[in-house]
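First chain A sits with chain B, and in the next complex the same chain sits with chain C.
Right after this comes the complex of A and B.
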């Protein structure tokens, strides 16, 4: 069966620096896959390459068997790929509600349909409903993260890519964000999740790839990787009791 | 509890900011057009400038790209209308080089307006295809180069334009009420565009171009749409200008000076809102008129106060400079007139003010 997303021997370079080195991963439809690794492992570069923001030096990105070579980032959004970048990238001088509507820009929806979809996001993140008329720039970091995810969801993505969704958030806000990710997973969205907080990622993912220096060094379920203790050795350069990272 | 859908209330809320400005402009026109013929003329000039500033705003306000090229659309539309509305007998004398097809026709003022607007829109489309690929200062400089090209062509195309000599004989049908109707229509078009899906997406690209691409927004296409619409509305302003004066000329950099004043009005009012368009145009028009009177000399208590000719442009430039330093978002600060609470709906799940006050 063709995987939903297939990355084959992908290399990405920034000048002389090789961010991804002949990396291959895949994700089945409806699967939540985590990418774990230290800074500089190439996790964010991989998401940007899939989104078409950075060019590939070699290899291929396939979505449902279709090679995405030559597709611009906005065309990939049309194909169902949504990226929530680490920087969140909300439109700060537009309202929360307007930010959500922008997410549905590539879908041919009536005003009523768009409103219904926005209401679905408000149900997922009730905090956004309370702030629907506020300028996005005035939202807290957690609310901006919720908005960024909500905007990505408005595109009804087949593949949702989240880059460090817990970065800089208070634990209680992170809980809310991860509860939403779990809901999306249960609804059957394919999710590619980049996290340094491995325990958080393991709590929602079906499978994970452990990355280092632009390559995949291990792959497996949360339980398998935790049991092997390889996450600690990659993230912290030490061996730690495996139970610490069990979800 | 979610509010019930109410299309009439939604429409009233949508129209409110435009309607408030429409009533204000109507009242001002009613008052000032009755005071004296001179005041009626100033009112007409101000309303025509409002049409042009609105045209500029449709592109600049939504895309965030400052255009120095809209003077070109004024020129093109004004001359197009002149070619088809000047009486045939007169055209034979003053424009003998005009092709027979144009020399032999005279259509209605409305037909002239349509011809000017369509030609400006077509030029906007042709120029916009290469220009809209650029961003930031490069795009602004390119629009200025575009203006220079059109300006030089019309300056030297004497068989059709009479160049720096005056092209006279345009029917003078524009007065305060025609100008008001055009200004209100232009503002309504601008308001509808900025609140449309295309307008929202373009404003998003204005805020963050990279994020806009990431969100799947086709920025170039939307910019082009805004540029063409903007060119058409500015072109309408050019047509009104010609039929208000009854004559056209490219002498003394008249369109360059006008372009500068129009940009100053937009910047002083605030380039991010329709309210900024109206406020900037009204404030700078009043100031420009005061400065103009001082240039010709004003008698205050028996003392004749007079400032040197050309000071008006210097003072308007200073106003723009002060606005940029003290109020970078303009007098309107990018805000629109607030819709009254009775017309506003609430989102499901949103707390009311009373609920927010509860502990």
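Right after this comes the complex of A and C.
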């Protein structure tokens, strides 16, 4: 069966910096895949390359077998790929509700359908419902993260990419975000999750890749990787007992 | 002349300036382009009016509308889109070059001498309202400004493409990442600015009956001044700035002795410099994208 997402030998460079070096990964339909690695490993670059924002130096990104070369970022949204970037980038001067509506830009919806979809996001993140009329720039960091995820979901993505969704959030907010990720996973969305917090990622993912210097250095289920202690050695340059990793 | 009469004159002159300033401010708000060629949208429209003046007037205006909207879209598609990611200085220079090029193409096609046309002379007739004699074209200018500004504000606030415009204005990269077709949104902004330009063209030509390939330049200058006074890119600010420049112009017209009249614009620009020394951020500082667009 063709995987939902297939990355083949992808290289990305910024001038002289090589961010991805002939990297290959894949994700099956409905699978939740984590990408774990230290700063500068190329995790964000990989997601941006899949979203079509940064050009490939070589290799291919395939969605259900189809090569996405030449597809602009907004067209990829139409194909079902949504990215919640590391920087979140909510539209600060638009209201919470307008931010959600704009997430549906690629879909032909009536006002009623759009409202129904927004209501589903509000059910997922009740905090947003309370603030639907606020300018997004005035939301807290956690609320902005929820909004960024909600905005991406408004496109009804088959593949959702999340770049460090827990970064800088209070633990209770992180819990809410991860509860939402678990819900999406259970609904069958394919998820590509970048996390520095390996324990968090392992709590929801089916499989993980360890990345370093633009390459995949290990791959396996959460259990396998934890047992091998590879995560510590990659993230912290030391080995630690596997049990510390368990959520 | 009464004070009320003067206010109406100021408002009608200011209306044209306000529409020009909003057309410039809209494009600046959405893509950060200071479009020097905006005055040429107004100018080329006048020549279409010259050529189509024999038609029944709604058709003549329709011809201008179609031509100028296509002209503005072409300038975006063929020129500005090619340098979309360039820094603002580059964009400005490009638009300056485009402006110059269009003017000289028009000189080649129509000559540089003044052309005259008698378009809708009826609207220059005065009407009497409450003892005041007001030119019909003045009333039209005021009405057009109020209506178009209001419609545009509502459009940007409430329509789907309106909030897409605000999103592109704030963060073009993220707008694409959520699926906004930014080229389409920008094209719509150009088309709207062209509609504003056509309004200025029709009212200007109906009032003065004359044109040269260069008449857009001074309107662009005044439009810029109004934009800057208003706070660079705030639409209500642009409108306010336009009306203020109109008021200053009208007052100077009344108080300056005849031998200083030819230098009226020098006085206008001097007063703008003085105002900016006092309030460099413009009258309405830009606080939100809603205002910026």
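By definition in this document, the second predicted complex is superposed on the first by the 246 of 247 C-alpha atoms of A that agree within 3 Å, B and C clash if a C-alpha of one lies under 4 Å from a C-alpha of the other, contacts with A are read in each partner's own complex, and residues count from 1 in each chain.
Heads up, the rule we're going with is that a contact is a pair of C-beta atoms (placed from the backbone, for glycine too) under 8 Å apart; a residue touches a chain by one contact, two chains touch by 3 or more.
Because the structure is predicted, anything quoted here is derived from the model rather than measured.
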{"item": "Clash or fit, chain B versus chain C on superposed chain A", "value": "clash"}
{"item": "A:43 touches, of chain B and chain C: first, second, both or neither?", "value": "neither"}
{"item": "Touching partner for A:94 - first (chain B), second (chain C), both, neither", "value": "both"}
{"item": "Chain B versus chain C as contact partner of A:102, first or second or both or neither", "value": "both"}
{"item": "Partner chain(s) touched by A:129 [first = chain B, second = chain C, both, neither]", "value": "first"}
{"item": "Chain B or chain C, by number of chain A residues touched", "value": "B"}
{"item": "Partner chain(s) touched by A:4 [first = chain B, second = chain C, both, neither]", "value": "neither"}
{"item": "Which of chain B and chain C A:78 touches, first, second, both or neither", "value": "both"}
{"item": "Partner chain(s) touched by A:207 [first = chain B, second = chain C, both, neither]", "value": "neither"}
{"item": "Common ground on chain A, meaning residues reached by chain C in one complex and by chain B in the other", "value": "51, 53, 72-74, 77-78, 83, 85, 89, 91-94, 98, 101-103, 105-106, 151, 155"}
{"item": "Partner chain A, residues of chain C touching it in the complex", "value": "160, 163-164, 166-167, 170-171, 173-182, 288-290, 292"}
{"item": "Contacting residues of chain B [partner chain A, same complex]", "value": "197, 200-201, 203-204, 207-208, 210-218, 272, 334, 347-351"}
{"item": "Residues on chain A engaged by chain B in the complex (per definition of touch)", "value": "51, 53, 72-74, 76-78, 83, 85, 89-94, 97-99, 101-103, 105-106, 119, 122-123, 126, 129-130, 132-133, 151, 155"}
{"item": "Of all residues in chain A, those that touch chain C in their complex", "value": "51, 53, 72-74, 77-78, 82-83, 85, 89, 91-94, 98, 101-106, 135, 151-152, 155"}
